[in-house]
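Take a look at these structures.
Shared between the two complexes below is subunit A, which has subunit B as its partner in the first and subunit C in the second.
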Partner chain A sequence: MSRLGTNYLETEVLIIGSGAGGSVTAASLAAAGRDVTVLEEGPWIEADAMEPFSLEEMVAKYRHTGLAAALGSPGIVYAEGRCVGGSTEINSGLYHRLPASLTDEWRTDYEIDEFTPEILDRYAQRVEDSLTVSKVPGPPPPSSAVLERGAAKLGWRAVEFSRVFRYEPGGRAVKQTMSRTFLPRALDAGARLIPDCRVTRLVRRGDRITEVRCSRRDSSGAIEALTVRPEHVFVCGGSIQTPALLQQSGIRTHIGGGLKLHPTVKIAARFTESLDHRDVPMHRVTEFAPNLTIGGSASRRGHVALALADSGADYRDALDDWDRVAVYYAAIRSEGSGRVIALPGLAAPLVTYRLTDGDMSRLARGLVYLGEVLLAAGATELYPSVVRGAVVRSPDELVQWWDAVSRSRANVMSVHLTSTVRIGENRARAGADSFGRVWGLSNLRINDASLLPDAPGVNPQGAIMAIATRNCDQFLATT
Partner chain B sequence: MLPFERQVVTALARDVDEHQRPRVVAYVDAALRSMPEYLRAGVAAESIVLGTWPRLQRAVGRLDDDGLVTWLDRLEASRIDPVRQYVRLLSSLVLFAREELATEAAP
Partner chain C sequence: MSGDEPIPNEAVVSGAAGWLGQNLVRALAPHRSRVRCLVHSKDEAPLLEIIGRNIEVVVGDVRDPTALDTLFDGVGTATAFHAAAVIHPAKAVREFFDVNVGGTELMLDRARRAGASRFVHVSSNSPFGANATPLERFTEDSPYHPYMAYGRSKLEAEQLVFRRHERGDLATVIVRAPWFYGPYQPDRQTQWFRTVRRGRFPLVGDGTQRRSMVYTGNLVSGMLRAEAATAAAGNAYWIADPRPYELREVFATVRDALVAEGLPATRRLPRMPRFASEIAARLDGLAQGTGRYVQALHVLGELKDTIACDVSRARAEIGYDPDVTLLDGMRASIRWCLDRGDEL
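Presenting the complex of A and B:
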């Protein structure tokens, strides 16, 4: 049983972070009768309290209100969730299984035990059975149909991807975030959740973590220290916060290097017809996947304005007509990589990312291909996320963008961050063993996006949840 | 938010409805405060350096909000990445907040 003192707590399993990895871990272990405590740095926010992708949501649920960037040439803006449920509360909810070809490649390169497509598919099925994974009932919304229509005209493949959404009888779509699904199940099974609690250090004695030091904000806003004495620790803070916490705690071997993400460029596309703006398109052009994927982004008025302004062209007329404008993206799998470095005395780690010349070339190609699809779908004006990038109105003008996507002019962003504590028995490359246990520490495990050896080219939430479930089974069988 | 940053944000938001303008400024303030410390330090350093000339001009009454925005437009076309990104950061924050609040205010 957990025991909670004024400023200390004992628990069998401590889970740090409540996103896709942490919530799955909490639900699996609590259901098996383990004594589980979840610490979450961010606040608990009621599921329907805010409109998705709104200003209010960015302030309340995003780390750094969305203003984080990996330093490099160019810098890359990225977003992370910082609330109960983590990034599952702020993402688009697209769901993918890990492609079999990547599973095979990673198993071989990193010598990962029990990591075959069949095994991961079995765990993915378990996740899907307990999390509603569905497609839109009826025809797709106009902003999504645009991608299907453009791809069909070019003879390219496009598919509607499944999402973690449940559709209520009245047609309302409800995203199945962790705060709506796995976390309530964990709490029903007896887990304890402490929001507004930041972990500052793991204290190591020999090959064990013996204490976890935290600062907790109470209901009056006052900060107090909390010390947790766990038997086992799962760190599930995501690919930036997890390696930063380990480094701050003196655990550094193969921790924080190898950061991967999906570099993304965008276009604000103007059409002659009105588009929907409350949802994210669920179609993706997969003709060039997994190395290049074309899709749609959040397109509230604020996002449309930002995307229109990226090129520096006069966009006032298009913004006045914003009901007919939506934002689309091209995302690549990157050859480059980055690093997370905890800085003494600072809460936020330094994040860097180096795009290769090949990455820049792929981004240029992605932007041009995205332009082709949108023009084929009937777009009349394209505003690229490139400084001084020409506004394009016909396919023959797209050629201008090939040279425009340069390090000094491209505005690049990303949302999928992975691979800072990779798994595998290859100790020369991996920070944790095949099931996420950190090398050299018997009771410290990682169970989040950090474990993926590379960025998968698709939304990684499904892969994270399947691998986390697998790792929990191994923990329960051996501990 | 540093005094020069407040001047820039206020100038960029000069055409925002006066009831919404404090919310735009408050949003930018909150966003800057929540940035990673090392990024915030860089922005603050730029504010101090870039703010010197406008501060002098304002002191002698030669620079109003329109003039400040014109000067920022010139900086946004700079060939120096950090200078261009500084202006882009503040103008993007103002733009996002202004348009989102406009949506909120719409019937």
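Presenting the complex of A and C:
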């Protein structure tokens, strides 16, 4: 690095964003001896500073302190991490490889080179070897056992999913977030990390990005301008921020459309026994997968309060009993899609998403099945995330939810946002080539969830990390 | 053809009070110890209960888990015939997905849990759209190309059925039926007879577009073969009359059938240019895009198309042998209307 002055920085590789995509990219390239700088808009937060899955954590690590909404009918509330480590710091850490059928489908539809199940599995194996992917030692927490028990009663398939967790000798579960794994490795290999630094514009000259303009907040809270002059840029800001930054920089072809996500509806379920809320359920009901998956969410008091409030019912009594209440969800694969649109002068882009009638029906179906499995597991009261969606206490009451889950009454949320750029040689559909280089630019690459051609139907972190590792190998081999 | 499975003594029928359902239940009743029937409203129960003492009616919504628990309660290895579906929703497109997809998934789940020996699912031509050329015939190998929301809903239902078979949950057979005719018809079909008789139903274009149709009796015989034939498990079959008809032949045959049943009919047949049907299809698409369903637009929009299938695989693999002709089937339908006192 050579400093041209306090507000200028030169680097070989600039990585914008430190989530699953950015951290993997930083570690790969730094280990190969490249000169790497990582910019992160959010703050650095000590790994153990906050109680995992707490509301305090949500305020500190989430963009907009937790909630943003995609406009539509209904709107969809979504969450993104905004801190060093990105969404890996706040998600439940479930880990999946990309299903082979999707790999094949995407390769064909988008004409993606070197994108076979064998190749991706090889990269997934590399990610897993360096991340610790594991099952829970011993019995699962009661909130997770609920799903296993309910599914067994109904004869439905349920599985414990692997997670990116490491278990310490004392039994403490430590989520292998980016700030605990790939980022320290990148820093050890010589990478620089600049937190609290928001990129506002990529400056383009011909087919190259020559400068990257940023505003950085220093330790006193003052904002200063920073300009980076990189040889190569990797944008890894996630499926909302990445296309917004590109659009703001005048790069618009196949950028920002095609947003995909996994819409979910929720139930806050009350049981007669206390549920341990220190961990998040790792079981999933997969009987109706891949179109529909049932799982559990963080259920500390604040989450329980938010979920109960979504029902619009009188929930004071249930909230007083929050230790016996847990939040569960049904997530669908959606046929609809959305769009990210950067608005001049505004930091936050406009996000829209349109759910189809088939999607709305799937959400209703999901809510009914979720209700069934929770009642089968012994729940006594179910509060759905549907305004005036009746509180249900027995299975014969579930049928009314079909009509309650309507565009005007359903509270829909999502955590997995993907597909706003898309890789492939099919230039009619893809914003970037088979390895994430933006079409028309020689030194600008994307390496995050935006590259996935579609929502994967499972937690996407594993797919993002495998694809990002693959793209780094190609970069190192060719550049 | 490779032989038959033993036929269970019991049968479960969803959509039992519908056009196909009533024909099916009547065919099953003499040969089964029990036929458990799902109907949507209490008023429909007597339509089935008069058939015989072995008919057990469950009133409920095919989307209701507890209604389906009752439907499958204590029937062990019965065959499940899933005929419940929405074809013309009262107003909103969403009903297609709630009933045709959601209802199918729940029926599959309950049939599996009850231990049903086979699941016979009624599908449609709509997952395949219209033929690319007037002489093309859909076969079991034709690719999906769904026509509007109904087609997408029936396609998704087929995928759920196939998946159950692939996962080893249930032995399933899909029966793809085109446009029905036959007794126990709904009011819309009776209305169609009336307008044809009076020369008010339009023929779109030159009337040479071909349509496969299926007499309900032929369809029921196909469903019973789908239940019995060992080779059918895991497959889908087109079940229709032996050959497709030109649309002008269908109209002429309805007229002949009316005359043969003593109902003079005009030979007048108003013509409508093809583009009127194309415009109707466009408007239908626009309305469905906003979640609305307009039956007249949908029917008119499809009249321009050739929708024809080939039944030779069902003949060869499961021994399907349709024996009622278009004229005889139409005459039976007209007699059924007259017997119950409908004005034609």
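Going forward, the second predicted complex is superposed on the first by the 475 of 479 C-alpha atoms of A that agree within 3 Å, B and C clash if a C-alpha of one lies under 4 Å from a C-alpha of the other, contacts with A are read in each partner's own complex, and residues count from 1 in each chain.
Simple rule for what comes next: contacts are C-beta pairs under 8 Å (C-beta built on N, C-alpha and C of every residue); 3 or more make two chains touch, one makes a residue touch a chain.
Nothing here was measured: the structure is a model prediction, and the numbers come from that model.
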Once the shared chain is lined up, is A:D317 touching subunit B (first), subunit C (second), both, or neither of them?
-> neither
After superposition on the shared chain, which partner residues are touched by A:P395: those of subunit B (first), subunit C (second), both, or neither?
-> second
Now for A:A309: first (subunit B), second (subunit C), both, or neither, which partner does it touch?
-> first
Does the superposition put A:D188 against subunit B (first), subunit C (second), both, or neither?
-> neither
Between subunit B (first) and subunit C (second), which, if any, makes contact with A:E224: first, second, both or neither?
-> neither
Using the superposition on chain A described above, determine whether A:A69 touches subunit B (first), subunit C (second), both, or neither.
-> first
Who does A:D207 touch here: subunit B (first), subunit C (second), both, or neither?
-> neither
Of the partners subunit B and subunit C, which touch A:E114 in the superposed model: first, second, both, neither?
-> neither
Looking at subunit A, which partner touches more of its residues: subunit C or subunit B?
-> B
Between subunit B and subunit C, which residues of subunit A are contacted by each of them?
-> none
Quick one: in the complex, what on subunit A touches subunit B?
-> 54-55, 59, 64-69, 75, 300-306, 309, 312, 319, 343, 346-351, 387, 408
Taking the complex as given, what residues does subunit B use to touch subunit A?
-> 27, 30-32, 34-39, 76-77, 79, 81, 84-85, 89, 91-92, 95-104
Footprint of subunit C on subunit A - complex, ascending = 154-155, 287-288, 357-358, 360-362, 364-365, 368, 372, 395-396, 398-399, 402
Provide the residue numbers of subunit C that touch subunit A in the complex, in ascending order.
-> 61, 63-67, 69, 92-94, 96-98, 101-102, 105, 109, 112-113, 149, 152-153, 156, 291
